[in-house]
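Take a look at the following structure, please.
Going in written order, the chains are labelled A, B, C and D, and every chain counts its residues from 1.
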Amino acid sequence: MTDTLIKVDLNQAATDNEQVHNRWHPDIPMACWVNPGDDFILETYDWTGGAIKNDDDASDVRDVDLSTVHYLSGPVGVKGAQPGDLLIVELLDIGAKQDMLWGFNGFFSKNNGGGFLTDHFPSAQKSIWDFEGMFTKSRHIPGVRFAGLIHPGLIGCLPDHKMLADWNKREQALIDTNPTRVPPLANPPFASTAHMGKMRGEARDLAAATGARTVPPREHGGNCDIKDLSRGSKIFFPVYVDGAGLSVGDLHFSQGDGEITFCGAIEMAGWVHMKVELIKGGMAKYGIKNPIFKPSPIVPTYNNYLIFEGISVDDDGKQHYLDVNLAYKQACLNAINYLTKFGYSPAQGYSLLGSAPVQGHISGVVDIPNACATLWLPTDIFEFDINPSASGPTKFLDGSIDLPIAYDK
Amino acid sequence: MTDTLIKVDLNQAATDNEQVHNRWHPDIPMACWVNPGDDFILETYDWTGGAIKNDDDASDVRDVDLSTVHYLSGPVGVKGAQPGDLLIVELLDIGAKQDMLWGFNGFFSKNNGGGFLTDHFPSAQKSIWDFEGMFTKSRHIPGVRFAGLIHPGLIGCLPDHKMLADWNKREQALIDTNPTRVPPLANPPFASTAHMGKMRGEARDLAAATGARTVPPREHGGNCDIKDLSRGSKIFFPVYVDGAGLSVGDLHFSQGDGEITFCGAIEMAGWVHMKVELIKGGMAKYGIKNPIFKPSPIVPTYNNYLIFEGISVDDDGKQHYLDVNLAYKQACLNAINYLTKFGYSPAQGYSLLGSAPVQGHISGVVDIPNACATLWLPTDIFEFDINPSASGPTKFLDGSIDLPIAYDK
Amino acid sequence: MTDTLIKVDLNQAATDNEQVHNRWHPDIPMACWVNPGDDFILETYDWTGGAIKNDDDASDVRDVDLSTVHYLSGPVGVKGAQPGDLLIVELLDIGAKQDMLWGFNGFFSKNNGGGFLTDHFPSAQKSIWDFEGMFTKSRHIPGVRFAGLIHPGLIGCLPDHKMLADWNKREQALIDTNPTRVPPLANPPFASTAHMGKMRGEARDLAAATGARTVPPREHGGNCDIKDLSRGSKIFFPVYVDGAGLSVGDLHFSQGDGEITFCGAIEMAGWVHMKVELIKGGMAKYGIKNPIFKPSPIVPTYNNYLIFEGISVDDDGKQHYLDVNLAYKQACLNAINYLTKFGYSPAQGYSLLGSAPVQGHISGVVDIPNACATLWLPTDIFEFDINPSASGPTKFLDGSIDLPIAYDK
Amino acid sequence: MTDTLIKVDLNQAATDNEQVHNRWHPDIPMACWVNPGDDFILETYDWTGGAIKNDDDASDVRDVDLSTVHYLSGPVGVKGAQPGDLLIVELLDIGAKQDMLWGFNGFFSKNNGGGFLTDHFPSAQKSIWDFEGMFTKSRHIPGVRFAGLIHPGLIGCLPDHKMLADWNKREQALIDTNPTRVPPLANPPFASTAHMGKMRGEARDLAAATGARTVPPREHGGNCDIKDLSRGSKIFFPVYVDGAGLSVGDLHFSQGDGEITFCGAIEMAGWVHMKVELIKGGMAKYGIKNPIFKPSPIVPTYNNYLIFEGISVDDDGKQHYLDVNLAYKQACLNAINYLTKFGYSPAQGYSLLGSAPVQGHISGVVDIPNACATLWLPTDIFEFDINPSASGPTKFLDGSIDLPIAYDK
């Protein structure tokens, strides 16, 4: 039986677990050590550490304290790992905690986090997803059911001091361009809610003062939210500190490309069974700056898609220059609008795009001035036919069910 | 035998072919008419109308007159089509012209068009790709060979006058923000090289003065450069004018997501066998603004990928806010750098990313301040193993072959 | 432009074409020669040489002279090929003749050929399939349309004298166990309808007297009718004679595993673009007796299946021992019966299983006394939903259309 | 948390578990009851109930008492199920027991069970496979590692008395044709080792005397050993008795089509999470005799294959008539012989074909007198390149490792 090196108790506060942390800092002590070639299991909280409940009230999403996320399990020290190595991590399997066979998706209030389409969906909403073995469905979004492409939203190794300083410097410089923006452009270190693993006292306070927030993906990987970095995939991580310091969390039962709803994918607590190995000096040998990975040989075969296009012209008809974000926004809005013709509310459509295995492709990025992005909606996840036809569309849903909403107080 | 409604002679100038045009304008007369339910064949020039040659000299790429593109076959009138309808176009098959069984990929000079990585590749270069049935390979990029996912880079219906006016207005507004930029932010109408199909005299001059350039994708589809809109796919186009006015061109033997090299994919002359049908009033029924489509049931099964990540921090270490373009640029640069470890030149790597069936995914777009984009490189297209390993990498190429380059005069 | 080394004129009798033959014999002269590394095109007749017409009368199927088939294009001599080599044949592309954009499927009369389910379908019937680019549909079987997985039913190299003698001897020994059986157990050489390519006079008569019939697959490959040996695949053929002598014919637009209808798949005239190379001494190096091959990277993605099981108990309830043929027969009959619930006639169901890309798997072959075979019916090829449900099934067809039938005279 | 309705303790004899049985008989009492719509978990023994050990000695395979298999968990009663209904079983998930993260594959002695290639491999041998999350590898077969396509080898509902009588009658009739054959043609009821669940005393003895053996697949499904009936698939079972009586066992971590090694696939103890529903009167509505099923949307994407052909001519050169079993045997032997060129022993090759996700297709079954079967070997499961090339093959293995063998005493 494989050793579970980090356990989490969902009835215990994440901040009480010394093998958990919510900031990136090179001084966080290793939570445990392994050898290259070892395989082991790490349990994880959901990214909020249990802040979102399985109920029909979105006020928890509205009120969440985003300075507390993400609760990561680790860091795991790998013996012999040195700066410049590549740490190979194979995700042998991933699953949900048996006492939490559900997950959540939601949109933050525009005043507390926002999201990709926050201008269209400014209030906190959520949907709850039940897991049925490999499958999931939501009581808040009837008519869809699909297999999960389970993956960690967040995984990576500790930065060294130099890299950490760079992160803080460049992100603060961005914040300084518009420091009062809501939502903010970036999040600076924030000591009071920092959970630094085993660190205590002055050392903890010192590290907490500069510990990088976990929200953005960075050179080390981190919160990449790549849906295809799923169980069965093999990742090659840059190593910056002795022992590497691998941490993981923010597990997703399923996610659409972009994780556009921000809160988030289908978020869950769970466990990761992984195996580690080293390529000594691999960063230079392979010219690696960011992680690279090989996707899993086991993936859902939802190959029937309806594909929506978007271009970089905004809702007001203003032309932007090769802006893929805007093009993808338009593709998402086009898909959401389409889904309403079958009876979904816009919020249900938005939630679905964040939760289901939709693909977001950068389709054209040179044809000035318009970028073209495509959103691939798998049609086999629906229990009815959502393809266009001469006789359609049919409203399969009567509108009696919608996502809970919690307006700002 | 299916009727070929538009023929092109590669030995004749595209501008001499009255069933070809290179601007969008509602007044361009239909080149031919069909009925809903008909299938027919249209031949097309390559997008430049033959400006790029099958040789080892990139000066043709450097000197190309971009005001002349794209040479489109059409418009095809569909009887009974009215504004507000959806025109269903099924791409029954697509192929190369038998007298041009090769294609080209290239990078424009930064001073004449540029491209996605023009700051890294400022000079004109090109690669020539030979077709072997379903497969292609290039004498300029050894060690790769792959099946084509053949598609039209450009396809769509004529805009109406209102839409055309909107396009010209919003694009000019963008140009006005930096009218001397090189490369330009957008291209305004340009009458002298406009080819308006059958139009002649004053009518032609009037339309040419406002005819929209064909480079950007727009609401009607147009130059979307979506590699998955391939033979076998079915597209639902908005109709704006009586008869729809469907035009097609810019055929690609293969392309990577983003068509990052701009000049372009693997560009070819060829033919499209298509079938049209109508959904009356379909735009309102389905809430369609941009085209939607169903991809082909026949696609290459290159399922082994090496995936590169990129984040929105630029080469100078400056932090940008959720900028997917930049993140994809970084992912591309990471992939190019990786390929150099196996012996490819950076230019070969760049060309490969524009030509091979690589995927570009919008992986994370909410984790402030960093967007995360991923570039999926199919490893089965290489004749040797490009996966990372403890013993690698091996330089399979000796550097004796590279892409022709033509420096600015 | 690639050279077409063998041309066929569908208005000319196949027996008048000297680059065509319908028997296997080492003395048939090469129709043309190529070098290793060459690519070239061979045109082919349909397997019957035009005996079956595009009409609604199955008497041509009933009356066909099976001693005349299959009309093969070749043999192609490959310079330097010697016995013991492996001949690599890459199928670069395959297509239909432009003047015959349709194909046929049929069942022979039990008294003239029979078929897999001849006891259930003893009379000649046929269906005609029209090609629409990559797709096909039949006026005789409404409600289905699918992309072709185009392949040669028959391809292989000439046997040497020793191998030919072995074939004739072992097949005659089988015939001798029941020489009057209808349909026969095997077909011996039959000189009068033998077409030996360029051979004339006494030499022709001598070879015709022992030339092996082309119906069965044998060690050299031959009439394997493997649907996955499709365009884009790469085959490694044993070489038995100097020059190899590669012949090809019996092109199929599509076929189900087993080609159960015998007459046949969706049979067509067409062309094959192929490339040849050699592995010297490859038979011994790789221990090759029968051909091996790598399937194409381009295949239809019809991944939604309804799978039918069959076991080796016959219609009378008699138990047979691990008989996969019988198990597959039962699986086929189960599928046909199921399809009748949606309105198809049994004959339409049978024809569909022979024509569409159904899979036939040898699922269990050790669980005495029952073999288990499975038939995989792709559900995406139907224009309506044929999955079982609590509310179904629905008769989508009214029975007004069926396959033409021609009873024995 | 989902209820586990049947638990098995691997340290307890299977015969001591009243919710387990090893014969089919309508009188076996339901082990537990569920409602339509319920999902629940059943744990299972490996098919032998623990007879095969994780060691390097094949004497346990040689000496196994085959009259004791298969140990099935159930029968599960489904409230409201009646004869003529279809029982829908969705396999929500399947996994190995945490205290047995390994499986076994083996060949029986020809004198005790035999197997598909028992004439070539007459002695008992075995290989042990370790599970690493979704993946498996064997210390007895170096150089391969693959993801499991986990499935139950055996699943189905209780027969009624009439069906049971038919089974026994027809199988005895077969046995009677050669009652002393080794291995036997079929296995008749055998009371002494029958485990009839909760049944005791006279009732048990009576039922045991006629309880059908579990080895063959039959009309109800049963031991179909269909590798694609994997987790995520949905099966429609005929119901013969009130309550249906669903039983499951013989879990496989992975298997090749045919389960040619008989002992067996990669056999494991584990658990099945399933959900049941009913289609009232479904057997008649859909014309169902044997189960039908829809495969899982989650499958391994091992799409690169090397395909071996076999025809129905035996090792002595004797011609058989359209015998798919023989053709598949030849294809298997061809593949095994090929693998020896890379350093595998024949026994390793044989074991691999039984264990890995190889496909066995009935490719041609009408081309008298030869059937053609194909064996599809996925090449991505190997850690080295096993494709043919002009420079190969390379012996990657030195022959120092082989499967344990136990000769008959």
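Note that in this section a residue touches a chain if its C-beta (ideal position, glycine included) is under 8 Å from a C-beta of that chain, and two chains touch if they have at least 3 such contacts.
Predicted, not measured: the structure shown is a model, and the values here were computed from it.
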| item | value |
| --- | --- |
| Chain pair showing more contacts of the two, A-C and A-D | A-D |
| Centre-of-Cα separation between chain D and chain C, whole angstrom | 32 |
| Euclidean distance of C-alpha centroids - chain A vs chain C, Å | 51 |
| Euclidean distance of C-alpha centroids - chain A vs chain D, Å | 40 |
| Residue numbers of chain D (touch at least two other chains) | 301, 304, 380 |
| Category of the chain touch graph - line, ring, star, complete, other | complete |
| Sites on chain D touched by chain B in the complex | 301, 303-304, 380, 385 |
| Contacting residues of chain C [partner chain B, same complex] | 1-2, 39, 91-93, 98-99, 101, 132-135, 146-147, 231-232, 273, 275, 296-302, 380 |
| Touching residues on chain A, where the partner in the complex is chain B | 86, 115-116, 166, 170-171, 173-174, 183-187, 215-219, 221, 223-229, 236, 257-262, 277-280, 282, 285-295, 304-311, 313, 317-325, 328, 330-331, 334, 337-338, 340-341, 359-374, 376, 387-390, 392-393 |
